[in-house]
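The chains carry the letters A, B, C and D, assigned in the order they are written, with residues numbered from 1 in each.
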Amino acid sequence: MPWDRNQMAARAADELEDGMYVNLGIGIPTLVANYVGDKDITLQSENGMLGMGPFPFEGEEDPDLINAGKQTITELSRTSYFDSAQSFGMIRGGKIAAAILGAMEVAENGDLANWMIPGKLVKGMGGAMDLVAGVGRVIVVMDHTNKHGDSKVLTECTLPLTGKGVVDRIITNLGVLDVVEGGLKIVELADGVTEEEMRSSTLGNIV
Amino acid sequence: MNKIYPSADAALDGLLSDGMLIAAGGFGLCGIPELLIDALVKSGVKDLTVASNNAGVDDFGLGKLLATRQIKKMMSSYVGENAEFMRQYLSGELELEFNPQGTLAERMRAGGCGIPGFYTKTGVGTVIADGKEVKNWGGQDYILEEGIFADISVVKAWKADDTGNLIFRKTARNFNPPAAMCGKVCIAEVEEIVPRGSLDPDMIHLPGIYVHRLVQGEHEKRIEQRTVRKREEA
Amino acid sequence: MNKIYPSADAALDGLLSDGMLIAAGGFGLCGIPELLIDALVKSGVKDLTVASNNAGVDDFGLGKLLATRQIKKMMSSYVGENAEFMRQYLSGELELEFNPQGTLAERMRAGGCGIPGFYTKTGVGTVIADGKEVKNWGGQDYILEEGIFADISVVKAWKADDTGNLIFRKTARNFNPPAAMCGKVCIAEVEEIVPRGSLDPDMIHLPGIYVHRLVQGEHEKRIEQRTVRKREEA
Amino acid sequence: MPWDRNQMAARAADELEDGMYVNLGIGIPTLVANYVGDKDITLQSENGMLGMGPFPFEGEEDPDLINAGKQTITELSRTSYFDSAQSFGMIRGGKIAAAILGAMEVAENGDLANWMIPGKLVKGMGGAMDLVAGVGRVIVVMDHTNKHGDSKVLTECTLPLTGKGVVDRIITNLGVLDVVEGGLKIVELADGVTEEEMRSSTLGNIV
């Protein structure tokens, strides 16, 4: 049976190692925080914070304390605040070990599209282009296919790119793929998903 | 040398002209210069180009300046919270220059630091790179991005001393320091002005040299996404 | 994830190799990583390139690593306090790359921020511009300077918490933050390590993400020019 | 009678206006601080401080508190500390209104040489190149001639430059010169110094 959202998040959490500084995107990536267990992980919020804590208790919301999704959050004993130039300095400078992000499309060469659908409303890339260009490792977590059943893992992206050749690993409901020389490599299959199923659901070349 | 002005209107007096470039601090609705935005609306200054990560929401923040059509062009990374923005943009009334968020912050800092251009790999291979100079270091392409040199900066801080030294609070710091740095004149609104000597000199986030005019006032500090968790039963 | 090491020797263990590039914090003898310099001397690592604003004095600071001939090349802005430096330089034993002080600081920050190159007008029309790319903005020439990407950084702070968040004291901050940022691995020596939560999150000068290893110890903190004024008679 | 060191410093202090942030070099420029009177001047020390105070009382020296000349100093109620990248960011960014500096040579086109004598020991430019390139106004304070009686105000500098066309005003024991289109302009003569004396002591073209 393919993984559900929580299983995908749990699998993504396995990518994280003790001591890592990590940036989590919105959607399924946000759930990853629930599965880090005892590992000493520090979450960055790119608006200017390391050591992001959970949502506040009702009545304790602080308008001066939000995450990159503009949600009210809390601080931890390890927290530090800094300005946006410093925040993206550490992103661009490769100090963030990993970013776990959602995607609209990923290509076999690691191209990523997750910020814009031409003809639809254009909201902007926010910090996504900086993150995929700068962090040590880019892990995409997404459903393998879109709501029409079309593969989101492609030979080539059709949407405007967020980054070129930036994705290292793709975690979907069907399993785990790595971007390698020449295409994609199956690292793991979700319980009960066959290699055939993975291959037939993937348009990008699996080596 | 008095930097303290009695109102946001007074703090902007003599500084405004149509078509000018304004750098504004804030991220979402957090740490935005509410009072100075209201004063800009009141001033009627128009054809503005505004460099700000976001464009507010329809009835708060920079959205107010959009509603009055005082903005000609935005330089931003994310404008998804603002329906009026979209309407004006799609109808061609408003220009929009998208900047990756970190590139925008660094462009502001660069302008403030006398750096007209710097190379970054952010945006390489995307539409952001279109028309930009490319240079290769160690097999990796980087694109040239330019410093932003604003006419004025409008920012919000938590506390100031009377010499203009500023302290920000939590994630309300965000774009405020780089925005402050890149303006020829910077006007800062704060929640509290304390006498010089009240702030620890080791703990100044933005030295007063960057701050030309100060105004103190009440802030609404609207929350955009109120997310909470339940208290566990004891 | 423990970042605290029992000694400066232990904090450098496994990180050193001949010919490596080290970025060092400090200005003059103020805020220099005394303990880590002593440990570098002890380690015997050689052919080092060291990026540091100054080169210490003959018997203190980086002067100790010059005395043992472990440094092959210095990247500095001012080396006037060190006679042994001059001897080695004039005899051709030591390479020297002069950088204007602000260019050196910005090159370190740029390296730490993933910026391989930036333009500055500092040094235009001087020997510093020799061989460097020139670009013109608004009628003014600017030269291209490159980010420094060091193998390790050695810095000195006042306090750290156990997650590596650092606070500096007065002008001992100087080059320490930019030097820390530009190293693949940064080792920081501090006067005191406090438990996480003891430092105000708004008042961290350098977030722990930049600091990989920490060591606490006693510092001599030598004064280079002791200047005083007389107390007026009461 | 030509001005002495203190008179030159006092004349340089007249250049400063209320509210200015200023960087003073070593030598005569340091003395300028004694003559600012009631004006609200904030002194920058480029190692990372705004609001530099006087030397400490004996026994109160702090090794963590020095100026760019490595001398022990004190802080004031307006003081702020910052790192070297920020410090030179404000210098390069034109936030410092003026620098008052010594010089070995100044040319009629504003070229300045004050960091190196070839063949002698090379100490380095420190922050001088950044200052002359970045600050709003560069004011040189120096003796008009060197110890051999040769003019230090030249048609062209002979020593390696600190900056090209950077000097705005020159204050010497003989008076005040401005760098203008086509050469130097006499702004002021020291008491008892004649225009003829100024002209004959100056190699650079006086327009």
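Criterion: contacts are C-beta pairs under 8 Å (C-beta built on N, C-alpha and C of every residue); 3 or more make two chains touch, one makes a residue touch a chain.
A quick note: this is a predicted structure, and the numbers were derived from the prediction, not measured.
Among the remaining chains, those touching chain A and also chain C are B. Of the two chain pairs shown, B-D and A-B, the one joined by more C-beta contacts is A-B. Distance between chain centres (mean CA atoms), chain B to chain D: 35 Å. The geometric centre of chain B is 32 Å away from that of chain C, both derived from CA atoms. Chain A and chain D have Cα centroids lying 54 Å from one another. For the pair chain A and chain B, the distance between mean C-alpha positions equals 27 Å. Shown for chain D are the residues that touch two or more other chains, namely 75, 81-82, 88-89, 91-92, 134. Touching two or more other chains at once are residues 106, 109, 113-115, 120-121, 168-170, 173, 201-202 of chain C. Those residues of chain C that touch chain D in the shared complex are 27-31, 53, 76-81, 86, 89, 96, 98, 100-103, 105-106, 108-109, 120-128, 158, 168-178, 205, 221-231.
Chain A contributes residues 18-19, 21, 40, 42, 44, 50-51, 75, 77-82, 86, 88-96, 134 to its touches with chain C in the complex. Put simply, chain A touches chain B in their complex at residues 45-49, 54-67, 69-73, 75, 81-85, 87-89, 91-92, 111, 121-130, 133-134, 160-165. Contact residues of chain B toward chain D in the complex are 1, 109, 111-115, 161, 163, 165, 181, 195-197, 201-202, 204, 207-210.
The touching residues of chain B, when paired with chain C in their complex, are 106, 110, 113-121, 135, 137-138, 142, 146, 167-170, 173, 201-203, 205.
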